[in-house]
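Shared chain: chain A. Partners: chain B in the first complex, chain C in the second.
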Partner chain A sequence: MATSAAAPASSSRPALSLPPSQFARLQPHAYLLAHLSPPSTNNQPSIRANGRAPTQFRVTSANAGSLTHTNGSAVVRIGDTAAVCGVRAELLHTEDIASWSVSQATSSNKSPRSADQTEELGEQDDNETIERERAHIEDLNLLVPNLSLSTGCAPGFIPGSAPSSLAQSLSHQILSLLHSTRLVRADDLRIWYQPPSMGPEELERHNDEEQMDVDTAQNDPVEESPREIKAFWVLYIDIMIISLAGNAFDAAWAAVLAALRDTKLPKAWWDVDNETVVCSDSISDARKLSLRGLPVASSFAVFEADAAAGWRAAVIPEAAEMKAQRLARKGGVSERWLLADPDGYEEGLTQERACVVVDKDTDGKVIILKMEKNGGWTIDTEDLQQLVDLSSQRWEEMKRILDEC
Partner chain B sequence: MSEEAKLSHTLVVSDLSAKQRMWGPRSTKNRESFFHDAAGPYASPSSLRTTSKTDTRSPSRQSNSGQRKPTTWLSFPLEFSFSTTMVGPTASLSNLSRADGSASFKCPTTGYKILGSVNAPVELPGRRDALKPEEATVEVFIKPGNTTAGVGERYAEGIIRTMLQKLILGRERGFPRRGVVITLAIVGGGAIARGDSYLTLLPSLLHTSLLALLSGAVPMSMTYSAALMAVSKSNVIVSNPTLVEAKAASSLHVLAFSSKGHLLLNESQGRFDFDTWKTVQQRAHALCRGVELPEVDGDIAMEAQGDSGTAEGFVRETVEDHLCRDYAWKINTE
Partner chain C sequence: MTADRRRVNGPPSGTRPAVFTADLQSGASATDRAQRQRQPSELRKIFLKTGLIPTASGSSYLEFEPSASLAAARANPKSLIPPSSALKLACTVHGPKPLPRSAAFSPNIVLTTHVKYAPFAARQRKGHIRDSGERDLGVHLETALRGAIIAERWPKSGLDITVTILEAEDDRWWGSAPDSHDASWGMMNVLAGCITAASAAIVDAHIDCLDLVAGGVAALVADESGNSATGTTKLMLDTDPAEHRSILSACVVGYMPARDEITELWLKGDSSKASLEEGDDRSGHDALIDGAVDAARGAHTVLAEAVRESLLRNVGQP
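Up next, the complex of A and B:
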């Protein structure tokens, strides 16, 4: 292996030499291993085949507002993985919701702004607000993400075919993360209607002729008539991976985040006379979504020096034993590497994955929103701690990129 | 008993158990009647025996663990809700005669009941692309009880497949180029709606697949055990939460540990910090494998640990009971 790695350097004997690209294809595992564990004679640092340090992420760029026919859109490129996300808002009338009841519509007597403020102040400890949010966003399915890989993004995915199980599970992950981070505020998606508060004598006068037009909620205008929700915005979040070179989730999530930050909803109100929701044409009336926090996803893969360790060893060492071995070996050659932001080539060579989604609050305290680890047994608690630290560094970087776009 | 009636019955019972767990111990009468009623058509005498065994031993285990290592948890700022008695899960092996291996598993706290089957090694027709020349392809299918499988099931299938792919020795003789097909049907418990977290169901699915794989004698490098943990809004760690507790929790965690103590799987969602997770992990480890002992040789540690009452001990006892029943003809003649 070492000889063949050195062979391309000595071009004097062309018969035996092997260009690196061919070596990479014939012996992918050995190729990556040779890069990560250079011979101790030359003082090269451990570097991945793509030229990155093990904990280095790929160059990331984001561009918001690329699509004109959407309410919000973004293109995020992480290395050679590119994701386009478009957010389209459509109206959902409450009368079209089968399970909608009047009590649900008028349950909140607070004005939308004040509800917003109390939530800002008390963070998310208000159980009632959370429950109402969940009832609206989750039960009514106001967020509909869909991820498409059938775009010819990589040779393995046939364009135009049915969604692969990878695409489906990525869609679910994005939806589940949107729900669990409560990124979108339900209040941004509600369209309220405040029935005009008429004085009692005025009402007497108007009641007869207006009875026809006016909605049932107005029949009981003893005091100030309660506001009611007339419609919701439903956000259709479509993600196309137009080029896939590993780590689809990070790119897709970053694209969703950038697109939602870019999303503007037109001003909409209930028109009593036409009994419909009308929207304002002017862009100055439109307002942006106010998102909760900035959750940033970072994925990692574990490359093992001995690819066959899992199946060849008749007896896998105990966890404590493995740790002791690793500590003893510290400083020497490590047996496995944590690779941040794996590309397509590395994903093919690794089985163990980890994904951490972090956010930082105003004090700079790191909050973990999702932590996944699967497919192997080499990552332990210390490694996860390290991954969380790396992810919080990545958060700073992504925040800068997303703020600039 | 119709399926629905059974469902409502089990849900009521699980609610009851949640209450009792919070408010103190109760008589064992209720619990036994629950198992005899709710064990369902797949219950075998062995499974009932297993449960009662787990059940009676678990309190002693709890107190043991308290004696052995009191400082680790108590010195931590978080507080815990200790369950005084734990209702054990029920399981039985080889329920299906046509499949190579099968198992049913019922989790008492979440109310989910899973029936799993394993076929291995089996030819995968028309799947030339998935056939790897060197090892077996693991396929997992999840079928919800009341609907067709959707994106959530694809996601859970992916998690289980990734985890098992590494544990199943797919390079054994006869396995390469073939498939290990695991089918998990959710036959009882609440429905999971679109976009809902799949974490509450995951430990049951993992345990069912393990028991089915063991029943089908599929070679594996290690076994495992899994636990569902919730951290409530007031920072109380609830182990084996009910569905109501899980819904109200600020974060949910599913952890799986190998039989040798490795962390095989971690799925956490919600808002939490790393210190909380570390405590959750210790707690889950105790739940799955009993309390960690300082360096002792493998076999002795096993003996001293007394693995009943833990999730791993449950799997072990279920399989032992099944073997005892299968080899009754031999054991009795000796």
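Up next, the complex of A and C:
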């Protein structure tokens, strides 16, 4: 996988000659560096050991809705990294929430119907709606993403043991991104109930839940008692990384996104007789989640020719001068490369990572939803600008892939 | 019980699975229950591919053909409740690799098998921690494979086999009420799939084996066509539990055709009282084992083809 170059003819070579695959294992840093900085005599462009250009992403494919027992599912492959995501919806009854009645009393008494209408009208959410959404989705834990690496996806992870710190950190990154992008609308997860106004003639209709349902949907009389939330859908979003070859986050997030786009929630209502929520199994009653936008994650790594240079400059001042001389000889080319979508081999050789999550609105304006950079100090503002540009190109590509699946 | 702090936990009060109106009204939907469309000795098609996970030494992916009712439901979706499900699993093999220094000396390769259901694999949500059923499957799988691997070629080494089940088989049809004939029949099919897939993955990892072990399932099913008073039973190969009203007994084998050897045998249910068709004077469990071996022979042809593909792919590489 590392290289497709033909094995050298060993007979005529000196004894110490190594085939590329062994060189890649013994001197990984020098191997990648040699690929990225070809000798100036031939006009080869700088290329990564896996044959990609530095800003090129791996081939991505997505497939949704193939798992039977899920409300929504997707498989996303980015190169050799494969993630399977399944979304299962379960019900959280408000009577099971310990603090529910208290929090309802203290929270706003605004009619929920008007909140719905503003949401339906468009993105005119006022602060109050946002706060209510946050309170419901985050405080009640309605989104439960869990990522599992214990699938034998890579040699380092022992199956059957507790989630590794990488798995834990990825789960939490996905959770916080789900919260901060407000991807899932809280209103899709609420199950409302309209208590009938307790007139004597209305009591007779109690048995007929169908009729009551029509009531809640259509007429909106003034004297009606306020609607109440009887239950919430809780989305269990489970991601299994089937194969791990670098950049697990992009693959996992793309799988979550594709699975949520595929998710159908059944129509559910409060059944007064059984005092529980029942659902219709008819597929025509079920509705898809209406997600907010399409946030696409793109990860990058920075490969440095001499990672210790920065430290050396601080400790040994002469080293910095030497480096400056060498740079001058090379024509001022900085010895670092931004690698898009690093694979497992490159991840092992780089310290500095950046992750940008972007979305585009209907006018094609790029919205940055998350920007994270850690592990080093070489990415500057210009580089970040470049990363955002690359991410928005990637967004177009991912949108096409996700629309097709 | 304290919450698992290493995972994202849901609401602390727990959640309830959705209840469908179709579940509440029993009997009404009896007409559209899943029916077996195959002949008693006809197996489902198996999709088996090796080498899908390049980071592992060997890997395979196995999928059963969806049953007729599931295929119909997919082509023309009406209900959110799937009529049956089709097994989907991925298997990876890591090794042979040196045992840790702390491990005791072993003259043979040390097999470790892990079988884990994805949380969304079954009709009921599965937990993240392996339950006893999954551990049991792991032990059965290890037994099936240990007989085939030439273990003394790798002293002081370990081999990790991990099976992730993305979609499991049902134990019974979703609409039928639990009754006395119930057992986890779906597990038998899952084990057969695990054995076949793990065998392919081991060969993909270039581990020397005596033969390819294939898994097969057969079951004695109460005849539904005649009146049940006579109590005739039929032997069915590769049973999908969702398609049968009552399975009396089922058997899964791990079988090596070249040596005519059974490495793993697991028989569940009561086969003693079963009366087979006229002219068949085998006892119930003999018939079951023969049937399961026949099913395994069928799976072996798929396995051999997958292994051939794996070899052809590997020959091209340096």
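Points to keep in mind about this one:
Just so it is clear, the second predicted complex is superposed on the first by the 319 of 405 C-alpha atoms of A that agree within 3 Å, B and C clash if a C-alpha of one lies under 4 Å from a C-alpha of the other, contacts with A are read in each partner's own complex, and residues count from 1 in each chain.
Criterion: a contact is a pair of C-beta atoms (placed from the backbone, for glycine too) under 8 Å apart; a residue touches a chain by one contact, two chains touch by 3 or more.
It should be emphasised that the depicted structure is a prediction, and the values quoted were computed from it without experimental measurement.
Model built by superposing both complexes on chain A: chain B and chain C fit together without a clash. Of the two partner chains placed by the overlay, chain B and chain C both lie in contact with A:Gln168. One of chain B and chain C touches more residues of chain A, and that partner is C.
Shared-chain residue A:Ser46: touches no atom of chain B or chain C.
Once the two complexes are overlaid on the shared chain, A:Pro19 sits against chain C while remaining clear of chain B. In the overlay built on the shared chain, the residue A:Ile367 is in contact with chain B alone; chain C does not reach it. In the superposed model, A:Ala268 lies in contact with chain C only, and not with chain B.
In the superposition on chain A, contact is made by A:Val388 with chain B only, not with chain C. Legend: residue contacts after superposition of the two complexes on their common chain; A:Leu91 is shown touching chain C, with no touch to chain B. After superposing the two complexes on chain A, the angle subtended at the C-alpha centre of chain A by the centres of chain B and chain C comes to 130 degrees, rounded to the nearest 10. Of the two partner chains placed around the shared chain by superposition, chain C is the only one that A:Thr151 touches, whereas chain B remains out of contact. Using the contact criterion defined above for the overlaid structures, shared-chain residue A:Met240 touches chain C, although it does not reach chain B.
After superposing both complexes on chain A, the closest C-alpha pair between chain B and chain C lies 5 Å apart. Overlaid on A, the two complexes show chain B and chain C touching the same residues of chain A, namely 141, 168, 171-172, 175.
Chain A meets chain B in the complex at residues 125, 127, 138-139, 141, 143, 165-166, 168-169, 171-173, 175-177, 179-180, 310-311, 313, 316-320, 322, 351-353, 365-381, 384-385, 388. For chain A in complex with chain C, the touching residues are 1, 7, 19, 21, 67-70, 73, 80, 82, 84, 86-93, 96-98, 140-142, 144-146, 148, 150-155, 158-160, 162-163, 168, 171-172, 175, 234, 236, 238, 240, 242-245, 264, 266, 268, 274, 276-283, 286, 344. Of all residues in chain B, those touching chain A in their complex are 135, 150-152, 154-155, 157-159, 162-163, 165-166, 169-171, 193-198, 221-222, 233, 258, 260-274, 277-278, 281, 295, 298.
Residues 6-22, 24, 52-56, 59, 70, 77-82, 85-86, 88, 90-94, 97, 114, 116, 118-123, 125, 128, 130, 160-162, 164, 166-167, 318 of chain C are the ones touching chain A in the complex.
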